[in-house]
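Quick one: the structure is below, questions incoming.
Labels for the chains are A, B, C and D, by order of writing; each one numbers its residues from 1.
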């Protein structure tokens, strides 16, 4: 057996609140999903004005970031035509989402969960997710 | 055009908190999903100890209750062998969930959203969902 | 709760008729789908001679335009290799359709539904959809 | 954060070897899947003579047992017509497998993984899985 560390509901709420605040400051309503290190959803909110169809995209960005231990923007690069991960979007029954906005949450070099943000531009989604991840990391050194 | 009323993020948080409290009092950790009247997810939490696989089930129970304007326990009856809705579980690409625990939220005889609860027994899930729906209705006459 | 406006069956028939007329004048038989602002289908017709497989494509174009609040031709651009939405086609269980021909219907800056057209060339589909959307907007200032 | 225990590759090999030996003694070639507590596959073998289509079934039995923290034969009962979990087979995109042969692996009352066996009769599959689970438990008190 091995022992692993995993985000719990308190972590999820903390990360979600940080993302919501960053989105509010940027005036970009978004869907925010927090999952554990296995990619399973812990908490989710769709802010007023965010697109309903972005809910699943946010959840899948979080799943993909936890699963691959990478920001989804890195996958976007690796999945371009001619690049090694070209075609990776079919993985996990089509749940792999290669658009920026999914960010893994690390603790001591290990992924303990991930955040996925969607409904803004991919750059905005990524900034919100990274801000939330950074704040959690600062509070959990 | 027509004008409809729909649960917003504040409603979702209120209903989710009521469900969480009911679950805590019953000592049954559950996944709780709140969706709008179109079945699109607004808010979700997986309580500490609830099964990860119940996340999707809770979301789909909420979707099914909003979509059918019925508690999922009513569908369970209608979908028994020999009954008229036998086989309905394939609907919406398999998202129709006919196990108790999904309850529509009504306002003035109109569905404005739904709650889905999963990880307890179906009876427990239903009781938690109904308690939350009843509390919201009492606060929004 | 919040109040939203949504296309009803009369709007759907008006938009569908306008699209049919535009298609007839262009001599391009098409599938025409009208959905509400949540992406759920309200009305559909496959004109004599239109491809049967275009039915689902038209429905998904309407769904995508309503969901993203954008014409699907804009998504076609944003989803090119190297662009920010590259990979978005997997969203909503593969229902996101990024080919021209899906157009959201706006009323006072809010999406109240969408039209999807398919079976012609993407440019023809888009022209038919835009003509119908424009006519409805002119009648509903 | 929370700390959890999870089957590792050594556990998976031990459980798989015990299942293979039980199957050999019963002269029933089977597919054997071992997953971790999140339902993700760790090890798999298809014995000579086992049905190829049983591979996915074994994997899904293990997934279901880990996810529900129950033997899949218990779900078979709970999902009968008129029973509370009737309809549960659609869960997880249809991956919930309610046929006997999936057994969770417990350590100190916590699920740390699961085994799924398929290709024999459901009773044989269950016996092989339970034998393997029992042996691992005896070695890991």
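The definition used in the following text is that contacts are C-beta pairs under 8 Å (C-beta built on N, C-alpha and C of every residue); 3 or more make two chains touch, one makes a residue touch a chain.
Chain identities (UniProt): A, B, C, D = DNA polymerase III subunit delta.
Please read these numbers as outputs of a predicted model, since none were measured by experiment.
Of all chains, the one whose CA centroid is most distant from that of chain C is D. Residues touching across the chain B and chain C pair largely coincide in numbering: over half of the numbers involved belong to both copies. Two chain pairs, A-D and B-D, are compared here, and B-D has more C-beta pairs in contact (counted per touch definition above).
If you average the CA atoms of chain C and of chain D, the two centres end up 46 Å from each other.
With centres defined as mean CA coordinates, chain D is found 31 Å away from chain A. Distance between chain B and chain D, defined via averaged C-alpha coordinates, is recorded as 30 Å.
In chain B, the residues touching two or more other chains are 8, 38, 40, 48, 52-53, 56. Viewed as a network of touching protein chains, the structure does not reduce to a path, ring, star or complete graph.
Contacting chain pairs in the structure are A-B, A-C, A-D, B-C, B-D.
Chain B makes touch with chain C in their complex at residues 1-8, 11, 38-40, 93, 107, 112, 140.
Residues 2, 38-39, 67-69, 81-82, 84-94, 96 of chain C are the ones touching chain A in the complex.
The touching residues of chain A, counted against chain C in their complex, run 48, 51-53, 56-57, 60, 76, 79-81, 89-90, 94-100, 121-123.
By the touch criterion given at the top, residues 8-9, 12, 36, 38, 40-48, 52-53, 55-56 of chain A touch chain B in their complex.
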